[in-house]
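In what follows, structures are represented as structure tokens.
One chain, chain A, appears in both complexes that follow, with chain B as partner in the first and chain C in the second.
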Partner chain A sequence: MSEAKPVGGKVFTGPFLFFLIITLIGIYFLSKRFIFGIGAVTNMNDGFPWGIWITYDVVVGTAFACGGYSMALLVYAFNNGEYHPLVRPALLASMFGYTLAGVSVFIDIGRYWQIYNVFLPWYTNFNSVLLEVALCIAVYIGVLWIEFSPTFLEAKSGTKSKVNKLMIFFIALGILLPTMHQSSLGSLMILAGNKLSPLWWTPMLPLTFLISAITMGYTVVIFESTISSLGFKRPFETNILTKLSLVIPILLVIFLVIRFGDILMRGQLGLAFNGDLQGNMFLLENILHILPLVILASATNRKSAKMLFLSACFLMLGGLLFRFNTYLIGFNPGEGFHYFPAIGEQFITYTIISAEILLYMIFVKKLPVLSGHGQAKV
Partner chain B sequence: MKCRESDFENIPSGVSRRDFLKVCTATAVYMGLPASFGPKIAEAATAAKKRPPVIWLSGQECTGCTETLLRTSHPTLEHLILDLIALDYAETLNTGAGHQAEEYRAKSIEENKGKFILVCEGSIPVKDGGIYCKIAGKPVLEILQETAPKAAAVIAIGSCATWGGVPSAGPNPTGATPVYKILEGTGIPVINIPGCPPNGYNFLSTVLYYVTFGKLPELDDKLRPKFAYGRLIHENCERRPHFDAGRFAEQFGDEGHRNGFCLYKLGCKGPETYNNCSTLRFNDMGTWPVNTGHPCFGCSEEGVGFTVPLHTPANVKNITPAAGLTPINVDHGGGMSTGAVALAAVVAGAALGAGAVAVKKVGQEEKKQD
Partner chain C sequence: MKIKRRDFLKGAAGCGVLAAVGQPTFAKAEIKERLPGALGFLYDSTLCIGCQACMVGCKKANDMPVESSDLLPIWENPRDLSAKTLNIIKKYENGTGTNKDQETDGFAYVKRQCMHCADPGCVSACPVSAMRKNPDTGVVTYNKDACIGCRYCQVACPFNIPKFEWDSAFPQIVKCQLCSHLLVKGEIPGCCSLCPTGATVFGPTNELLAEAKRRQQMDPGKYYDFPVSSLDSGKIFSREAASYVPQIYGENEVGGTQVIMLAGIPFSKLGLPELPEKSYAATAENIQHTLYKGMIVPIIALAGLFYFVNRSQNDKD
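Moving on to the complex of A and B:
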């Protein structure tokens, strides 16, 4: 274990208050949703039963929260102990990302009071991809909290926890579960069939979603490490990030080859140049994947914190757009259905993001998460 | 009279033992009984002495219920009335007529007191002493009141007999009244088989159940057998997936209608009508109103059929959660609103801006740290 230490410092800072205010506004809309129903705050409808809550909070949210998964894969499955200092902050972000995705599902389910039925084995539908996603994510949330638990226990007792002995089992689960549900998040949209534009609909969706999620995991680790260093005035972890960043272009090449190979084989690439919203979004999405590939292909760029961060930003946007395109922009349920997230609906998503940032700030300051050097000033 | 009975005996049934057992087993399965009950039903149906006598009375009706029974094929009507039951009196099917028939009815009632099944088709007018429907000079109200106390059980067939049907529609000029209301308080068991017409098999199954077990099937609070009227038509409708997916025919002949979408918006009463049309269908050829493209009009449901206008949307039952729970129903949803787009644009702009500033800062910090 690296010597992780709490960052320390005041909890109530300017940024903290800003995110707190957004969270409070969101809580107002949340209470409205729980009293007057989904229709009172959202624009979701029979044609678009999934809005930004599923698309952003769950699909994008859990992809961004793949840091824990990707790092566990690298450190434990491929035995690269040198990256260990990055595991805890990645796990923390994953834990919040997934937990809040779980919360979002609860908010999103119209009859939320029936959610317990998902866990009753005698109602299990073994053919349901959605059920697999639901159970998998639910279990993974628990696994993430257990994976992160040594951090709490260390902070409390000051010694290594006994949970560590069992940890290998949970780490294995923590690698297995996201592999299952991140691909299933793609399978979900296979079911959309003709309603989804051929630019995104393909039987390859599970594979592209999985590769994209793993890539996002490493990207988010770079992003979050850089932001932490910047925010808490700590030195950049460029050395370790440089090595890590080599994985990304490799994954990106695989991703793009499958993506374009598939579209070309189905003969649908022409749709990208139609000049309509879907075509343009497809182009933008892929530019945001190709740019970081070009940047990170150069060894010099991989050594620069700025370039690493820039490519991480591009790639996160690209991954976000890939998911938005697949779930909302490329999706057309038929005439008469429209969807654009309503104000209240958006605020609830912003609240989920803010809550994640707030919790991250508190945890990092109070618990031994970041590997310790440098003093916090913020 | 005797000649009539001998006629019945001499008619060859034309049904092999094997076919007959098949029919009985199918009936058992249809009623939700184990297939092993088939032989039992066969035994009950063929035991000549046990053949229960049936008196079929007609009130204010259109004979549609008798007609629907003519369309059944397993068992066929002739098999039913010749082999399974002893149909002693039915105005539509009597071979005799006039006083001869009336006399035979009176005789059968006396002979089989407490054992025969009384089937009532049509509503009973009670206004002005029931003068609006007379048989052999006697109001049907009186005939019912005389006959019912002597019957083992009364089966009211069709919407008219079970809740009033067409004759009871406002302003109900004849005071058309359902059978069970007239017999209220007499303790005579009444079974309702509503429908306009009801499915013949719902009637046959009820009769065969009685023949086999000597008791009535389980009934709901409206005296309807639960095996047939336990569920809403909507629950088993072949167009239900369209309802759940929000795909509706909005007008007759529109694209949705031609594609076989849900008929709810055309006024289909399936969501508030308890019947088994969607699973049992009619005429042994799998047809029923909804699969021909016409909405169900709730013929068997009191307060729906002949009462609510044809194209008024139904009150969907069983989807509305209790008022204490938050609502979940949203129709087509809103498109972009200026506020929502502005908010999304501001947030996206802020995020991009913050990203750009962060990239710049990382660059500056990096230089400092070097």
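Moving on to the complex of A and C:
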């Protein structure tokens, strides 16, 4: 097993203060939202009822938080124990990503004081894709904290905890739940129907969203490992990342074949070359998927920490754009409705991101998360 | 012991393809038909004189405040539906705007409110059943005690009907509920009772459809009797029939709606979306129910995952 250790060091550093200030500004806008209503801080409207809080904080946020899911899939379901050192940091990022997505939902929904209604059997609507997403994410947040709990125990007792049968159940659940809700996050937009551009509206949405989410998971692991190595001045984990990165081009090929096959079959590819915002964003989205595919197809590039990081950046932007396109840019309710996020609205999103980074910084410094050596033994 | 990754991938890919291919075959059986007791109204744009009495009737019946989008209280106020306006008359204008119900150099009115779909997107979307379709009348109602304010109903409505109280700390969704509170008392919706010309006439949807078809058979220019307020009110308004476009809007759109419309100019000109016959709700629910099969698939998957995870742990020990 990995010998994970706390990184140690001071908590109050320059970057820490920067993110703290953003968080404080966000808290000001948050109080405004709760006192005067959502309209007081956002540009959301009856045509665009979902803005960046749902699109970024929840849909993109949980996709970026798929590291724990993707690594669990690889390590446990495919029995590749060698990647074990990458599991804990990935789980930590997932735990914060999902927890803060949950917090974002609470901020976003208008009647938050009735949020528990989703758990009341006499209110639940089993035809609702959103019910499935809500319950699944709620349970998964709990599962992530349980999966991560051995780290707290180790920090306290100083000994390594053993994986018992109950934990195996939670690990299995931790693979099943994201498979369900990450695909359902795609299904959600099927109901948008005529309001969503045919470049994104397709009954294939659940499949493409799922494949994209798994891909995001591995991508984020590479991204996060590189940033941690740079930020905490630790050796790069290039060897293990090289092996891991082979999965990405395979997934990308599957993703792109389904994506383009579907659009061609529906005869809608022409829309991509209209020269309008939607067409251009479609092209950009796919360039950001094809570039990393080309880079990572080469074995030499997969051995370069720089190239790995570069393709991870492209792909994260690509996955982000795929989701923004499906939820906002490709969405046109007609009747002259427009949407661009207001400053306060943006700051609340920045706060969510900052809070995530702050918590990650505290946790890796105080808890045994990152493996002791660059190349930890399995 | 290692499982063969190739086999696992094959299996996983196979499942995905099956799920994707399986959808269309399930799609047909699930389409929800209009209820036999469905209630609604017929809006005939050619009979509408734009007097906005229906808007006054709606405001009164639902205790809604007067709303002005601009400083001056001119005809075009308010501009559109909102959390304060459940029903609105809008105007199409072209060129000189002189001839009624004519696409070029003409004008036409359109009434907008909830269409009370046979298979409503908002009802399918709502995680907490705050949007409900009355099992007898098919009227789509809203329950604020269930609502969590997620606004998925707004995303899901092809007509952009549900509105949200953006400027309230304790907001609600607001939409036309076909004056359900009056229907239970044996009365008719506020907009229908005040319409002087029979442009908005209340009744059971199947009878309204028959009435709409009767009107489309009329000879333009000849005098006919048109029922006022409701089909069975006995009140009649007599006038020349206009020439209608052949479409009855709402007959087939997204699986049919309970409110239906007739017009003299194409509905797309009146701002109504072109929609497929199959509801998006049916598409979404089919995919979801095909993939999950009443939670049986996830439970089997969980058992399988438990087996694999357990084995990977045993390998290590």
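Note that in this section the second predicted complex is superposed on the first by the 367 of 378 C-alpha atoms of A that agree within 3 Å, B and C clash if a C-alpha of one lies under 4 Å from a C-alpha of the other, contacts with A are read in each partner's own complex, and residues count from 1 in each chain.
The criterion applied here is as follows: contacts are C-beta pairs under 8 Å (C-beta built on N, C-alpha and C of every residue); 3 or more make two chains touch, one makes a residue touch a chain.
Worth saying up front: this structure is predicted, and the values here are computed from it rather than measured.
Student: Taking chain A as the common reference for superposition, should the pair chain B and chain C be classed as clashing or as fitting?
Tutor: Once chain A is superposed (C-alpha atoms), there is a clash between chain B and chain C.
Student: Under the stated touch criterion, which partner chain does A:K306 make contact with: chain B (first), chain C (second), both, or neither?
Tutor: Touch status of A:K306: first partner only.
Student: Could you say whether A:V58 touches chain B, chain C, both of them, or neither, answering first, second, both or neither?
Tutor: neither
Student: Between chain B and chain C, whom does A:I168 touch in the aligned arrangement: first, second, both, or neither?
Tutor: Only chain C; A:I168 stays clear of chain B.
Student: Determine, under the contact definition given at the top, whether A:Q346 touches first (chain B), second (chain C), both, or neither.
Tutor: Touch status of A:Q346: first partner only.
Student: With the two structures laid over each other on chain A, which partner does A:W50 touch: chain B (first), chain C (second), both, or neither?
Tutor: Touch status of A:W50: second partner only.
Student: Of the partners chain B and chain C, which touch A:L358 in the superposed model: first, second, both, neither?
Tutor: neither
Student: Contacts for A:H338 in the overlay, against chain B (first) and chain C (second): which applies, first, second, both or neither?
Tutor: It touches chain B, and chain C stays clear.
Student: Looking at the overlay, what does A:L315 touch: chain B (first), chain C (second), both, or neither?
Tutor: neither
Student: Please work out whether A:L199 is in contact with chain B alone, chain C alone, both, or neither, and reply first, second, both or neither.
Tutor: In the superposition, A:L199 contacts neither chain B nor chain C.
Student: According to the contact criterion defined above, which of chain B and chain C contacts more residues of chain A?
Tutor: C
Student: After superposition on chain A, which segment of chain B among 168-176, 276-284 or 348-356 overlaps with chain C?
Tutor: Once both complexes are placed on chain A, chain B clashes with chain C in 276-284.
Student: Pick out the shared contact residues on chain A: the ones touching chain B in one complex and chain C in the other.
Tutor: In the superposed arrangement, which is not itself an observed complex, chain A uses residues 34-39, 42, 44-47, 110-111, 334, 337 for both chain B and chain C.
Student: Can you tell me which positions in chain C touch chain A when the two form their complex?
Tutor: 2-3, 5, 8, 13, 16, 19-20, 23, 80-83, 121, 123-130, 144-152, 154-156, 158, 160, 162-172, 254, 271, 273-276, 280-281, 283-285, 287-288, 291-292, 298, 301-302, 305-306, 308-313, 315-316
Student: In the complex formed with chain C, which residues of chain A make contact?
Tutor: Chain A reaches chain C through residues 1, 34-40, 42, 44-47, 49-50, 75-79, 81, 105, 108-112, 114-115, 117-118, 120, 123-125, 127-132, 134, 163, 165, 168-169, 171-173, 175-176, 179-180, 183-184, 187-195, 203-204, 206-207, 254, 333-335, 337.
Student: Where on chain A is chain B touching in the complex?
Tutor: 33-39, 42-48, 110-111, 113, 226-227, 229-230, 235-236, 238, 304-306, 309-310, 313, 334, 336-343, 346-347, 350
Student: Would you tell me which residues of chain B are touching chain A in their complex?
Tutor: Where chain B meets chain A, its residues are 245-247, 321, 325-337, 339-341, 343-344, 347, 355, 358-359, 361-363, 365-366, 369.
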